[in-house]
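First chain A sits with chain B, and in the next complex the same chain sits with chain C.
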Partner chain A sequence: MNEQDARSLLEIADDELILGWRDSEWTGIAPFLEEDVAFSSIAQNEIGHARALYELVAREGGTTADELAFDRPPEEYRCSALVERRFLDWEQTIARHYLYETADEGRLQELKASGDPEVAGLAAKIDREEAYHRMHARMWFDRLKDEQRFTAALEELRPLLDAGRDQHTPELAELWEEMTMVRRSQPAGTRW
Partner chain B sequence: MFPPWERAEGERRSVIYEVFRQERKGQPFQHAGSLDAADQTFAETYAKEFYGRRGESEALWVVPREAIVEVEDFVDELNRNYHRVDGYSLKEKLKEARERAGRALVARDR
Partner chain C sequence: MVTAQQVWAALAEIPDPEIPVISLVDLGVIRDVGVENGTVRVDFTPTFLGCPALEVMSDAMAERIRALGAEPEINVRADDSWSTDRITPAGREKLRSSGFAPPTPRDATAPTLVQLQSNVFRCPYCGSTDTRLENIFGPTPCRSLRYCTSCRQPFEQFKTI
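Our next item is the complex of A and B:
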């Protein structure tokens, strides 16, 4: 795996982990039952993708997926500002979902063309699940595209796609506290 | 239901869909359950999620409940049980036939 591939895998892994976590915050309180199940399942998929990507990067770097996911300080995460925000409004959540899935599609296409068969293979596998996410995101987009609240959310969030990955919002540090709490409180002698 | 933030308490702006599932190619479709969805696209997406994600289905039929014609009034005042498969006992008929054949054999050998 070349350095460019490793860097881009880690970016995607961080995006999927953080977005999966954020999306799962809707479990139990999504606008209706069917959507609750569907969106929770999408959140689980994202975290599954993060795990597979971390495993691949970890093998190259002589570390483990858990260490990559949870033992780095928040400022070292490579995720996009788009996935960090905690949203209490459904239209923002769906606007992010749509923007993310659309951008993610292009990124996966590039990885599928990687010269490294393991990278290309994993990207293809992930992409087959993402196809369902895109179908889900598109149906919501089509349904809400004329709603002012939704288009305003799209306009507000679109710039975050290009905001860079070096600076993070305070919301990421908050999420990191929550996400790594159990692991950091590990009593002496515990092995995962 | 749509958009969800404009939905009043108890308001329904969605359709109930019935989902039928075929487990393997060539098998009959069987009722799997129902879904509440804003339109056909939502129904298809949710049906996939609910009844197809674990590889348990070869195909699904997603039908608005309204489109299903229910028939439930069946008259059989004269109890014509020969209309029903259970009204004709093959076991009994076979037994009688065997007995008749047995008697015929005995009569012939005499």
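Our next item is the complex of A and C:
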């Protein structure tokens, strides 16, 4: 795997892990049951993608998926500010979902064309699952596209896609504390 | 000395952890079995990458292989080689008779919402195609929810992957 592929895989893995965590925050409290199920399922898929991507990168770098996912300090994550934000509003959640899935489709197409068969194979696998996320995001886009609150959320969040991956929001540090709490505390009898 | 045929037969007895009416062999997740010097290698392709049943499946395969007196080696292949098209005809029939509508064949292009909203999906209970999409997502990543207007029965549809 070349360095650029490894860097790209790590960015996607970090995005999917953090977004999966954020999406799972709707479990139990989404506006209606269908969306509770949808966002829980999407979150599960995203975290599954993150794990597979971390495993591939970890093997190259002589580390493990868990170490990559949880043992780096938050400032070393390569995720986008778009996935870091904690949203309590549905229109922001859907705006992020739509922006993210649309952008994610483009980079997956590039990875599917990678000369490394493992990278291309994993990207193709992920893309099959993401097709259902995109379908869901577009369904919601069509429902809300004429709502002012939704279009305002799209305008507010769109710049985050290009905001870079070196600077992070305080919300990422908060999420990291929460996400790694059990792992860092090492309760008696646990082994990682 | 254990043979590949014995291994396949043993793996065919392992139920899918979430839909126990079908076996791992019916599900098509086992790509290959190789036997060499007392080690049994199984090439295993995940259904959905985030499926929590994958670990249970790997552990169950390893356990069956040890019971045959061999050392298991489970290779997970995280590529695009598993598709719902790999579910065997017998597996599809078992799904249908348990109230799960089997997946439609994989197309060259990704499935679309328009396709899912069309009425080509058959109710596993009454056979009617007068069914509608309730939710793209369901109780596990591999399933969607539909409702049969004809017999007024909600049912789970396998997503095409």
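Heads up, the rule we're going with is that the second predicted complex is superposed on the first by the 188 of 192 C-alpha atoms of A that agree within 3 Å, B and C clash if a C-alpha of one lies under 4 Å from a C-alpha of the other, contacts with A are read in each partner's own complex, and residues count from 1 in each chain.
One rule holds in what follows: a contact is a pair of C-beta atoms (placed from the backbone, for glycine too) under 8 Å apart; a residue touches a chain by one contact, two chains touch by 3 or more.
Please read all numbers here as calculations on a predicted model, not as lab measurements.
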item: Clash-or-fit label for the pair chain B, chain C on chain A; value: clash
item: Contacts of A:R51 with chain B and chain C, given as first, second, both or neither; value: second
item: More chain A residues in contact [chain B versus chain C]; value: C
item: Partner chain in contact with A:F150 - chain B first, chain C second, else both or neither; value: first
item: First, second, both or neither for A:E91, with chain B first and chain C second; value: first
item: First, second, both or neither for A:F32, with chain B first and chain C second; value: first
item: Which of chain B and chain C A:E177 touches, first, second, both or neither; value: neither
item: From 56-64, 74-82 or 146-154, the chain C stretch with C-alpha clashes against chain B; value: 146-154
item: Common ground on chain A, meaning residues reached by chain C in one complex and by chain B in the other; value: 34, 37-38, 41, 132, 135-136, 139
item: Partner chain A, residues of chain B touching it in the complex; value: 1-5, 7, 35-39, 41-42, 45-46, 48-50, 53
item: Chain C-facing residues of chain A, complex; value: 34, 37-38, 40-42, 44-49, 51-52, 55-56, 117-118, 121-122, 124-129, 131-132, 135-136, 138-139
item: Residue ranges of chain A in contact with chain B within the complex; value: 31-35, 37-38, 41, 89-91, 132, 135-136, 139, 142-144, 147, 149-150
item: Residues on chain C engaged by chain A in the complex (per definition of touch); value: 46, 48-52, 77-82, 110-113, 116, 134-141, 145, 159, 161
